[in-house]
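Before anything else, here is the set of structures, which you'll find just below.
First chain A sits with chain B, and in the next complex the same chain sits with chain C.
Coming up: the complex of A and B.
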């Protein structure tokens, strides 16, 4: 079942570190946000395959926003 | 009857009580992946040291519904014994007897156990596995004469250590026992706590929910923060209680126990040179730093699953217990929010109450800002942490590992908060705010007026950056020293040793007004 990967802090998308089709383990970074002057990874909540990344670098995201979808 | 027969009669009575709710109920308890109350108590105390009080108690026979029923020990095992050679008092609910429900007689026994803990100054331990009040005995306005235990527990707080282990259900009033305790454990899968259980929730607010979703270990150790530690099973639960208590004195009249230390106090650790990344924007695991500093790398974390942007842990340094409050750059960049401030404030109060020195490891970019946290009352929660760190009179040692920004520096025991020693690693950045944020505010006009604003901003940021290095703070003697990270352990052990004789006199007051 698909699962949304959500930002747990408000910030700017600093780097997209995975792409559709990538197989990730739980805890692997999906993207990296910049917030509080820190690079903060958004991690995969469980093991799975990335279906899509729904944000672009430089985009501002709010806490709770979906940044990727995991299959 | 002659004496011999009388003694035989006593023996038979004892055996009936020790049989608990009978073989069927015991088999059900085991099938539910739970130890019986007597197996739990056996594991808790040193062999042969447990003295039971109220074994022969039975229900008060005040309710028609209870007539003819047997309630061995009235559903609770109470008494005292030794844990690693030191006395403790216990109240353990027996789920095999009327679902561990609290009857009138069991309350009398519990009063006795609490009285022993308080007047003899020893830890009070609750092993909770109970459906709550025994409704058959409690219904009606006799309820007016109940609720004493929570007042007593509040009075005992900070006098003797109090531990509540959820080893089964704990609903309604029973849930306030852990809420008022210092340390709350929950067994994964078998324990629940809620002010109202699922049937009551369904009846009152119409919500359909399982006991696990409502108040299981995951809810309380990861979401609500009501519990401190999730444990795998009953055996792990009892073992964790014993380990927790090993850091504490028997009461606030004693000092924490010191154990022989095999880890050299002057151990320099090369690994500390390579944990913090070269880029100040990169995260690292503060738990690794802690593991390389404390005795034998052994750490007992409190609330490891909740507010993970801040670590609270018990450990030893040079054989002496120490309470560690550390920012965790891995989560939210180490920024503080409402839950982490709450977690830190409570932990600081706990350590201070029982004379456990505090070690602060700083890497904090500040408090989170924005509408969400303001609505959550971050000012109030942040103030709670300021209050707790200000009030604490135990030895306090501060190490600025990296970021020390704004109020984050204050609440993590900055210079104004009476650290007995405050030192920084060469990687330290101390400032009211970071170079980027500060430059944008101070030089807003200059940057806007420049031919190339981006270049001007970058130049200003670099100039700002030269002001935040720790040598300026050390040059003014605002911090005590800049240290080689490898020296961290020896520096802390020596400071803790020096601060043992610390005396602080506060002005008299009844009590302060804590910003809760």
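Coming up: the complex of A and C.
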């Protein structure tokens, strides 16, 4: 079952630290957001394989936006 | 006297500088990004100039755009505030080259003290104690291992070009060094454009005590006493006060003497801060901030002096307005920084629109606020909204005024650290002055 990985905070995509096909453990960073001079990783909610990263570096995301899809 | 000043900053510090300019009859020119058009500092300045898009690199961090604005406005000087370009020696040099007085120390001093390894050498040469560690940048992990073994674990890896606690990594033992070294290099490269690292002994429960200094172009250097700034998260300050509670008078004398000697040895001009870490009766030089600090109002409240006005006077070529024996610390003052962060979620940022803002007034209470109802607190900048400062004839009086002020201030629309401050103020450890820099992260004020 695919699962959306959602931003837990509003920020700008600082770094994309995983790519489609990567196998992640629960808690691994999927992307890193920057908000108010702080770098905040968005972590995989469970173990899985990254199907797709849905954001680009420099893009602004709102809290609750999907940033990646995990298989 | 300088006739006009461009303020290369935003929020509360821009308003503070505008006020000081007014008091001296100088024209104050604000700059702002597209995100800040409705912020109070823009409306309050004599003139305000849009300099770019919301990301700081396109606006408040763009030397070119700020200098263009300064030329267009025809100002005599540029005040960098704190953060942004304030400790960027290339910016200070570019201001001078373009014919504007830079309100701060000479760019060469910013460069020297900004290089943490060089600063350490300079201060050690001036006879000031420095934390045991590497004498220079570490060329390899082998060298890091060697130095760490010599000084003893735990150690701290720091970016040579860094500051503000950014990119530091604590290493508990030899086994953890390789991974920590790689992490610290990566962070240093990302944050400061240089992967150069140095290593220092890590002190477990030190206090952070700093000394405000001020110099003029004739070579006079004075201190304006100390500030205790041990309540921090992520190596950044939340609460500051003066005097440092319970400080031993001998230690205080040593700290202020070292601060003046250090500043004098580098030819310091204008406002600066010598930061020390203190453990037991020992103290070590941490770094020098070559700018006005966020917490300067604490010093203003206990000395009755206007530091920002003095910055403008000294930058105009005037001599220091005070002699050392005229600078007296009276009573006590404390500052709580109001950040848009959620203390219940490990101080995560909380951007958003401020929907309601109620500011308290009262004796001994000062509010330095950058915000107003309706403004959007952007993801692009530091989360500092405002600073509450109280003073009293005693520390107890300053603290009780702060408790009352924290209970009365209302900020809605974003989370703030006010609930954290109220817990700290109630805690026995803080009331007794038993503080150290690790307390917040060790959960010392939770529950």
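Just so it is clear, the second predicted complex is superposed on the first by the 71 of 71 C-alpha atoms of A that agree within 3 Å, B and C clash if a C-alpha of one lies under 4 Å from a C-alpha of the other, contacts with A are read in each partner's own complex, and residues count from 1 in each chain.
Assume contacts are C-beta pairs under 8 Å (C-beta built on N, C-alpha and C of every residue); 3 or more make two chains touch, one makes a residue touch a chain.
These figures come from a predicted structure and were not determined experimentally.
When the two complexes are overlaid on their common chain A, residue A:36 makes contact with chain B and with chain C alike. When the two complexes are overlaid on their common chain A, residue A:60 makes contact with chain C while staying clear of chain B. Shared-chain residue A:10: touches chain B and chain C both.
Chain A residues in contact with chain B (one complex) as well as with chain C (other complex) are 9-10, 34-38, 40. The touching residues of chain A, when paired with chain B in their complex, are 8-10, 34-41, 63.
Here chain B touches chain A in the complex through residues 279, 281-283, 329, 332-335, 365-366, 368, 370, 372, 434, 436-437, going by the rule given at the top. Across the complex, chain A meets chain C through its residues 9-12, 34-38, 40, 60. Residues 55, 234, 340-341, 348-349, 351-352, 379-383 of chain C are the ones touching chain A in the complex.
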